[in-house]
Each structure stands twice: as C-alpha cells, then as structure tokens.
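Shown below is the structure under consideration.
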C-alpha cells in the first residue's frame, strides 16, 4: 500500500506537480491497517492530511469501509476485488473493482498486484500520464529493482488497460 | 562564629525585633573563612546582605582585614585580640580588642570564647539588653546545653564587664 | 509566642510536615542541601514519615509521581539544574493531574552557573519548562515566614487542583534565618479516595495516565486542563501592594528582589518625603496578577520592573499592561545582590527624570 | 533537476550531513525514529561519520556537548518528552557557548500525550526550558524543503553565535514525504581552533565551562550572553508574509499551522475574491519577528493567531503588538489536524464579523 | 467435563493490542493467572512505562500508574513506600529498564525496594520500530544497527540478571523464556516466586523474560520461538541467578 | 645533590582549593606526574563534573570540559569520538559516577569507549556537605543519614569496580587507595595502566580511588588515612578486578 | 483421558502456537476472519482432544478454554 | 644516603602527612602561617634526611621537593 502511494507521489513529482505523501501512523500501538495519503496539486499544498479525498484506493475490506465514508461527493473508489466484496456502496460516488490478485498471478508474479492497481488508478484519476509514468518508472523503482522493470511495466499497462475494456 | 551570630539573632528576636541571619557561603568550593551577617531592626528588613554593616565582630586576622573595609563610616569593630594584631585601623571607625581566649581559659572553658565576645558586643552595640539576653539564654542555647548555662552566663557577663572596665 | 529563628530551607521542610507531607524524595544540590538534610532528621521522627534520598533528580520526581498517585502529600526540592532534570516528570504529573509540591531554591545559571542565587528560572517555572500545554502554580515568598506559609498552602492548592505547585525560593531565602511562626499541624487531609490507586477492591480498576490513544481524546484532555488553568487564573491570583494610591511610579518585583525594592523605596522616602513610588509584589507568579497591574495603569503610567535576572517577568508585566504604560527595567542577573542603596539610586534617577519630563 | 521525494526526517538528516555534520547522537522516540535510523545507515557511509545511539536523551545531549567542545558539527534529535530531558544539557551548552543543532519533532503533550504531533513546545523552545537566562535560536520550517534548508542553515547559525539552535518540526513535517532539492555539500567549515579543546600543545590550556566562582564573574558572563542574544535579535529575525498590503485581518501561524492557514486563506479567496486576509509566518520563533507585526499594526488592527496548542505564540504576538491591535485566537491542541476548510470557516466568521462591526 | 483452563478474570474481556505471537501477551496472561490464583487482583498496582506494553491497562484489570520512559523503578518506589502492603510491579522493556532507566533500576534494586520488575527482554525497542536495544545481540541487524550490532562500537548485550544479582538487597533474580510450554510453566513459577518475595518483604525481585517479537525480528511466530532457544538463550542463559531465603 | 622529586609541571603553579589532607589533591598529583612522565600533557582532555573537583582546571594544567553532574562518561564519549587520539578521562566522585550518572557510566563502559574514568570514592557527597553517597558504608552517619545508613532502607554501598568488571568491553578496572606511601605507589601504577589501555584502544578503563575526606568524615587527616585501611578497604577490597591484554 | 476446547474467535490472532504444540493435531486455522482481520484458529471436528491444556498454556491471547473429563 | 628537602610554604596546608611518614622525623609544623591561613610544615634544621622521598610521595599539595646525593 505504502509503496504504491510513494510511486504515485514520485510520478507526480516528476511531472512537476506539487506533491505530499503522508503515511498513516496510528498510536505508539501495534496492529491496525496501514494507509497513506497522497496529495497532488498544481499549487502549494496546504494540509498534507486529506479530510475529504477525491480518490480512494482500497486493498482490503476494513479500508474499503473506512475510507469510502471519507470520499468527497462525486469521488472515486478503486478497490481490490480479489479481496473485497462491497456490501454497500455510497450512491454519490463511483466505485470500480479490479481483481488484481488473479491478474497478478496471470502475469506470474504475485508482487506486482500493486502495480496493476497503480495502472488502473492513473487511468481513472487522470492525474499522471501513462507515458510519463512509464518513462520515469526506472527512477521510481530505484536502482535495486532494475531487473523487475519489465514485469512492473507490464503490470501497470495491464491495470491501465483493464479499465479500458 | 556562626553560633554567636545566631545567638545575637535569637536574642534580638526574643526582644521582638525584626531580625535576619545570613551565613556566608562561598562557592561550591572548599576552604575560606566563615562569616555571617545579622541584621536587627525595628522595621521589616529589606536585604539580608549588609553591604555596609554598622558593627563587625572579627575572630581572626583575615576577617578583620576584609570586614574592616566594609564598615560604614562611624562603625564599630570588635575583635579577638588573642589572635588579631591590627596593623592599621581606619581612622573613621572605632575598634576594640578583647583577649577572649585568655579570658576563656581563665574561666576554665575554651569553648566560651564566643560568649565573651557576645557579652562585649551587646555592651558596645546596645542592640540587646543584657538582662533580656540572660533571661532568654536557656532558649538560645537550646535544651542540649542546659548544663552549660552557668558558665555561658558567666562568660557573657565577663565580656560585658570587660568593656566597662 | 511561638516564634523560632529558622533557616528558610528548614522552615519549608517543617511547614511541609505540618501540612501533612509524609514523603520527601530529594537529591543534594547547593543551596538547598539543608532542606533534605532537615527532612532526613525529621521524617523518621514523624509517624509514617519517609525520607528517601533518590539517586538523581530524575528519580526523585518520579518517586514523587508514584507517591502522589498512591495518595500521599509529597514533596521534592532542588535547585536550578536539578529542576531542569525534573521537567519531563513535572509535565507527566500535570498531564496525569497529580498533586505535589516542588521547591526550587534558585541559583545562578545557565549551566553550572553559580551556587548562590538568582531569579533566572522564572520562565521555566511559569511557562512549563517541560513539553506540552501545561502550567504549574508558582508561589513566590520573600521571607522565611512566607517560605513556611506558602509551602503549607502549596499542598492545599496542589490537592485542590490536582496539579504540581512550585515554591520558587532562591539561594538567599533558603540560606537566611528569620523568625517564623510555624503553621499548626493540618488535622484533616483531603479525601483522595476517588482517584488514587490502592488496589481495585470494591471498584473498577483505575489508571493514572497522560497517554491518549485517540488523537481527539488528547485534545479533549488538553482543553479540560486548559479550563482548569483558567479557573486557577480566576481564583488564585495573589499579590501585595504598597502605596499605590498616590504613586507616580510603581515598582514590580518578587521574592528577594521585592525585599530589596522595598528597602530601596523606604530609603528614598527617607531622603525625599514627597517621593511617590508604589509597589506591586506578585506572590503568585503563575497565575500572574495581571489585572491589578492593568488597573493600576489607569492612573499610573510608569512601571519599574526589578529582577535578579536579565529580564523574564518583564514579559508578564508587558502582557498585563497591553501597551498602556511605560515599562522600565533594572536587572542584576546572577549571584550579586544589589544593595537597596544601589537600587534606590537607579530608581530615583528614573523617577526624577520622569517627573522632570512630565513638568516640561 | 535534483528533486527527490523525501521524508521530513530524512531530509533533516541528509541536510545535516551536507552541512558537514559528522556526529549524531540520538535516542528513539516516535515520531522522529526515522531520523536516527537514517543516520545509522548514512553516517558510516560518510568519511569520518559517527552515529551513536545513546542510552537516553540525557546521555545524547551530553555526548553532543562533548563533541561540540571538541570542535565537531554535531546534531541530536528527539521529540517532546525527550527534549524535556535535554533541558539541563541545553542550558549548560548555552552557558558554555557551545554550538549544536537540536531537532524537536514535536508530539502531543503534556506527559506521554500522543505520538502524532502538536505545537505545544513553543514556550519550552523559545524561552529556554532549562534553568537560567539563556535563549536558543528556534527555526520553524513548514515543508520538507524547509526542514532541509533550515537544518543546513542551523549549523551555520550555531557556529556563528556559538549557541545551540533548535529546529522545531512536528510529527507531520517529520512523517510526510515531499520533493526536496538538497543543499550542496558545505565545503569549508568554520575554523574553531580558537576555542575548542584538542590538547594544549603550543598554547595555554583551555577550559570549556559555565561555572563561575566569583559571583560578579557570572553576572558579567550573563550580560555578555545577553548582548549576544540582543545581537541575534537584531540580525537573525526571519519571517514570510503574504498579502499584507491590503489586508484587513492578518493571520499569524508557523510550521504546519501556517500551511493549514495558507490553505484556508486560499479557500476563502476562492469563495470571496474581495476577502482581504494577510499572513505573517515567523520562520524564526526566537528571535521573534516582532517588528513586522508591530509595523503591520499601523494599518491593520486585527490579528488572528492560529496554533496547534492552547496558545503559546500568542504571547509573543501580544508582546509585539503592545496593545496596538486586537488579537483573536484559534487553537487545536494535541494531535488533531484541522482541515483548511475548518480553519477557513473559523477565520471567515471572525473576518466578516469584524467587517460588519466596522461598517456599523 | 470439568473446566481445567479458563480465561483469567484479571484480564479485561477484550482482545489486546499486541501482535500475533507476541511474548507480551503471554506474560500478561501469566500475571493475570497468578493474580487470580494468589488472590492479588485487589492488591496489585502495575507500573507500565512506554513500550509496547504502555497500554497494559487495556489488558490487565488492575490499578496502574503510567511511568515516564525508564522510570518504572522510581515510580514503583514512590507507590510502594506509600502503600507498603500493595503488590507493586513495574512492567518494563529492555530499552526501558536497561538503557534509559538503568540507574533507576539498579538503585531501586540496591535499596532492596520491595517491588518486582517484570522485565521483558525482546532484544529490541519494539514499540518505536525495532531499534537497537542494550540487549540486542552482537551482529544483529535492527533499524538503528543496519549493518549489525558491532561490539567494538556499541558493546555487547547487557546481562541484567547477572548484574543485578551482585547487589546485596536483590532477593530474587531469574531469567526465563516464554517460547514453549515448558518454559512458560517455569516463567509462571518464577513470577510467583518473585511476587512471594515481595509480599514477604525480602527485597527487590526481578524476572527477565526472553520474549518473542515476531514483528520486529521479521520472523514468523513459530520461528521466533525457535530463535529464542537457538540464539537468544545461548547469549542470555536461563536460570535463577539469585535467591535469598523467604522470611 | 640530584633533584629526585619536583613538583610536576602539569600542575598549575598555585595552591589548589582542596582541604588539607584531601585525597583529591593526591590523585591530581598522581595524574600530573603521569602526564609529565608519559608526555601526555598536550594530549590530555579532562572532564570534571561538579563535585569537589569541579575546579580541577585550576589545578591540572590541561584542556578540560565541564560536564553536568553525572554525565562525565557521556561528555567524554562525545569528545573521544571526535578526537580519538586524545587522552580523554573523566574525573568523577562517587555521587557523580555511581548515583546520578550510573547509567551513563555503565553504558560508556559497556560500549568499551576508549576513555578512562578516574573515580574518586570518598563515601560521601563531599562538595555539597557530606550527604549519603551510593558508596556510604552501612551504619555510617552523614548529613542525610543522621541515624546511620540503614541497608534495609537505603541499601548497601555499591561496588563499582566489581559491577563494571562484568561488562565485556571493560579493559581495566582496579581499586586503589591514596592513604599511604605504598598505596599511593600502587595507585599511580594503576592509573598508568589505565592510560595505557586507553592509548592502546583496548576499551574502557577505570581506577577507583579510596580517598580521604577529612572534612566530611569529621576526622583528622592522619585518622582519615587510617580509616581508609581499617574500615573502607574492608568494605571495598583493593585490587585489580579486570584486565584484558593490551594489544 | 478425554477433553474438549473452545476458542473465542474475537481474541484469536492466528499465531498458530496452539496448532504447533497440540499433541493431537486437534486445531487448525479456519476461514473465519474476526473483527481485527485475523483468520482465527478453531478445533477440528473429527479429531480427538486429550484435554492436556498445552494449547491454552501457549495461547498468548487466553483465547482457549479447556475441559477435561 | 643523604638528602635534603624544600617545602613551598604557599602550597602547604599543614596536613602533617609528611611528618607522619618521614622515617627520620625530619619535618615539623612551623610557626609560619601562609596566605591561606595554614601553619606550614618545614624541615627541622638539625635532623638528617635520607632523601627517601616518602614525604613528597605523601604530600597532597606537591609542596615538597627532594634532593639526594
């Protein structure tokens, strides 16, 4: 989850946008689900804490429930439909599930699930262009992951195209 | 030295005077001579530190030199002439030596030297009456020293009368 | 007459015992060593009295925390560097709403400074030198009698508000002897059975804490404390005034500084019976007597602040005045006590200059 | 373009290294753990770099003291309770005139409080939470870029004045990632050979100390420090302003509070293009930008102070204004970040009320 | 059928906040069982400083006083001196007790305060994210010893029980582990002994628990238990280091 | 005639501030002699925290950094890390090193910092007027133990050398006394060894000196020296507690 | 000897200690997720339990209660 | 063996260590008071010194210098 958020933030930064990434941290206490907030803007960013996000990407059921309720009216929630069966979806928002786990295993690498979701996200959000993202991917992944470049690229495209279909 | 200062302060207190006793303390550092300041007044006492004392009682040479110079003009210095040979005495003050050690040994108790000086002091200072001092002596000395009451009384009188002579 | 000649430190210690304090945790530091020393002698003589020399000031304040949580009237004392080390613990106690009396016999700083005395810890005491939004009541005696009386009262204030109270002395007040009438033993101590820990028999278990898991809970707690602090500001302001009626200049000073100031004013009056100098002596430094100062500024426009520091209380005077007066300052930081005569000179210069300017 | 997406804590750490800091002594505490963690990874990669996890914050600040005395550019970081524990050491360093950079990633207090963030340590930072008359320069960044830039500069300021400098962040600034352009490595470091200890070869022996045996010497030392602090007040005041020219109300906020305030103002401008709200953002909290505030009060009479506390900087605003303006306050102490929209509502209410009152 | 094991009533009836397989949970359970068995729930006062166990009060249903980091022994001293008949125990991590709080720990032990230190040694600062602790093993990688703890620079792990045993007024010191049924039984026995010493006022007692932290060790829960046997206990030998006679 | 003993040149040429017969003076003299003999005056950095020796810089003619009370080991660590080739030693009293500074002392020792602790054990807080120290003997009266130190309440004296010797990275630990010609010779030898260990970077070294404080013991100077032998050394046995091989 | 156990799902965190140490292999991780998101342990229907209590002895969460004949 | 000593009065504090440990009883407290107020030690004129240096070894103040043939 966190690495996907960072990827979005980095990609947006490389497009010259103002960007802030904020990981969640609960208490000094163990447990709980992780989440993060990415703010992308053409202007300086005031608060890095989004009280009313425009997009939510949910990887599991508790997050889906919690963050759906925060979405701004007219917002968009993208979710991992391999794990999440939405019981109810707010009527004033759009929701879209992507079976990322199944898709990832088709690509032969369970670890690229996030990248599939990333691809889907940039499709629906229109915040970052696919071309720029792919161009900057080596920098985003960092030196250590050069070998995985190819499969990540594929995963992003796969997510991007899933919503095209 | 300090106990004599306390005796003066207590006696003055028992006469209903305002009184402050301030021991010297140098630095967090060893050595140096001890001294104390007693302020007696009919009014509330401002600063417990006397920059210009009216009376000085000096028990040894270094104190004599140091405190003589602080005395207010017209002030009085009383000193232990058993230990102190004044080289020079300011012309604007009065000075009086009492050979307390010799006198004490005559009384058969070296420890009452201070009381002799106390007697002499109340004589010259006129701050406390001899009668009151003697009356209050048991309280001033405290319970532990009841046995020594007699010899202390004698010593005070002895000092008081020394200056009479 | 029950007057005794006592050291300032001893008077504080004995008054604490009379107030029902039975636990003292401290650590040596000049110029307050005579306080723990007195306690080490006295506590074993008092029923239930415990004196314990801690291994450090940090340990001492945390023993105090534990004893307060267990319901005791408890005290610690130290001097400036030691009080710095206690800041974390004091912040905890304020957050946990635990009562205790903390005596600071202030010495010269910063750092090791000097062992004698100063008034350089004003900010630390009045603004919470520890972290977070909290305050401690700060009492500022100026005589050995007040050292005793204020310590005695400090325990009541601490219990009333469940908050640490600081008695802010200094090396001079600690070291001098003056006549004292000791307060009577406090017979009935406040009932704390509604919050202390003593085993959960017959009630749900209790937790004394300052930690809040939900962000919002900490915020609520902070506002709750804030309301308490406002209440203290409303109820507990204390001060002494002299000759405010016809004054043309008002001296503001506290503690030993105020004594010297009083002496200086007296001196000047002797020299010039027409001189009109008043005095405001805050005896609580927090809450600060802002209102009387502001009120005074309606008729008097010149305020002369005297501190044994480079100037800290002066901020509170300015905050009180809100621009409605002129503030003059004379400071002697660090361990040199100016004589009343010296201060009188400085004050007189200021005073006559002002009067001349007005006549023009 | 050398922009990197970095955590606030990492940006501080890397900027310190670029500034020539080669010694870091710290201790874990949320929300600044990533700072020592980064240092533990990076220092061994840098020539002469030393990372040492101290056994406590007390030990850490004293290792800093030793390293500074030996001539190093040295840093420590912590968060509120840990900073309380460092107060004695900071007071010593100020007294000894030793330079160092101390980072406080402020969390909620008092006591254990909350691990997220707050601005509750303002008093402690700006007035010297330790004992005695001293001050530390306090820098208040409001973005990750400024976290880097100000840390970098903090080393220069510390060395210039031989005084500790505090970088006052908060849990949000520490935890977020933002794009940063790292300052270039500082090539030439200041020459400190005239005061550091390194063995008395070829010169008389030296002593780094804050202790003075003669009372008068401490007083002289305090006045010397005081003059230095006055010099800093003269030279080093920093702030940012927005739209002061035609403002009818001015918001004063720092750090994360200022960011939210900026967002709120922007929001209000979008809703009402005629709204006239300006902003003063102190970027040094001590020395405080009093003059610009006072100057602004000539044309503007309403000041809206926003703090993530129950109100501490508000004292400095009032002291700056000296009664010449109205001060309004909105505070959110402890770990809840108000959204710009919320602050905008509060600000708008205040603003329109004032305008209405004026029209009457 | 007879109920032979029930959830102790000294535990609050809610799930606690620890990670799966955490030694803290086991130690809490042991304490709760003993409070039940020894009928001490109404006498017990626990002192949890920050650490993963800072919220111990959400778990153990007894009176508690939060201590600042490292000051458990001092706070417990204050409580115990006021309430000498309570059962007062601090609940401290290795960072807490052996780093920042070492002086307070050793001095309370040296004074022979009649308190018990429940000392949870998981070889890391767990709550703050797995930094190096005084008990971190040589060579062990943590978030502040990314290249492994280097004894030349950071020293060897500190052996608390061994050191405290040298102090005359320490009545009881034992090191146990909570990673297997046999060890858990011993741990419970040791804890009981420590409490008994306290109640008998023989002096300071400490039980050191080698305690798995799967999260910061980045291991599975079962693997963590193995690591306690295979690595930790080799460096920190189990056993009784000191016991004076109970009066 | 040949001069066989001269005043060391590492001593300032003024009288020091200690009381007559004070052990501090002797220890200063020993250090100064060694700095001369080992040619270390130009390399030495001393760290004196508050205590009777706070003004050591008026006595020893070398660089010094004043430490807050108890933090000598931490300050020395900071200096030594920056200047690894200097001779860095703290000069600490028993109150300083073993009470408030115990954690800093033990952790510096445990890390094996290449520094030397000159540890002056005079069984009291001398500078502040003779309060009870961690090393005060059982039954001994001081200004804060007016009825005598009661081990049931305040514990027994802490044996620093014995405890520090348990830490692996401690290279050298010896207890000596400075109350007789023979003991002073041994004390000097021990101090030299400690310095050598530091220069060889073998780890932490400490010399504990049983040191007369006639003033606070309220004894004559000669009597104080006897008391060191007759009482103190019985409680604090002299000798080498730890020595690793010099590289 | 015969026994039986109950596991309170809300307390269980799926640490598998009970599974590891049960001599009868009576316990397994089930499909049930509790409100904290853990897959919880549960007794296998068809396996015997001897009531030895080892599972409860190991369970960090005190989630297991044990009955014996 | 023959020796001689000098004592710098300004450093001496009259602690009498030198006197206590001199095997020849060569040293005594004199009538001289130094500026700190101490009666200082000094060598006796008519007593022999063997230059053993024990006095200097004991002297806390490094007030004694020793010469030997």
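As written, the chain order gives the labels A, B, C, D, E, F, G and H, with residue 1 at the start of each chain.
We adopt the following convention: contacts are C-beta pairs under 8 Å (C-beta built on N, C-alpha and C of every residue); 3 or more make two chains touch, one makes a residue touch a chain.
Source: prediction; values computed, not measured.
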Selected pair, greater C-beta contact count between A-D and E-G: E-G
Relative to chain D, which chain has the most distant C-alpha mean position? H
Rounded Å distance, chain B centre to chain C centre (Cα mean): 34
Just the number, please: Cα centre separation of chain D and chain G in whole Å. 54
Take the average of all CA coordinates in chain F, do the same for chain H, and state the distance between these two points in whole angstrom. 26
Could you give the separation in Å between the centres of chain C and chain F, each centre being the mean of its C-alpha atoms? 38
Can you list the chain B residues in contact with two or more other chains? 27-29, 31
Counting only residues that touch at least 2 other chains, which ones in chain D make the list? 30, 52, 55-56, 58, 81, 88, 92, 96, 111-112, 114, 116, 209-211, 213
Going by residue number, chain G touches two or more other chains at 36
Under the stated contact criterion, what part of chain F meets chain D in this complex? 41-45, 47, 50, 54-55, 57, 61-68, 71, 74-83, 86, 103-104, 107
Which stretch or stretches of chain F touch chain H in the complex? 1-8, 11, 15-16, 18-26, 29, 32, 180-181, 184-185, 221-222, 225
So in the complex, the part of chain B that touches chain C is made up of which residues? 6, 9-10, 13-14, 18-23, 25, 27-28, 43-49, 51-52
Could you please specify the touching residues of chain C with respect to chain D in the complex? 58, 80-81, 83-85, 87-88, 91-96, 106, 108-114, 116, 118, 120-121, 123-124, 127-134, 209-213, 215-216, 218-219, 221-223, 225-226, 309-310, 312, 315, 318-319, 321-324, 332-336
Give every residue of chain D touching chain F within the complex, in rising order. 23, 25, 50, 52, 54-56, 58-60, 62-72, 74, 88-89, 92, 96, 197-202, 205-211, 213
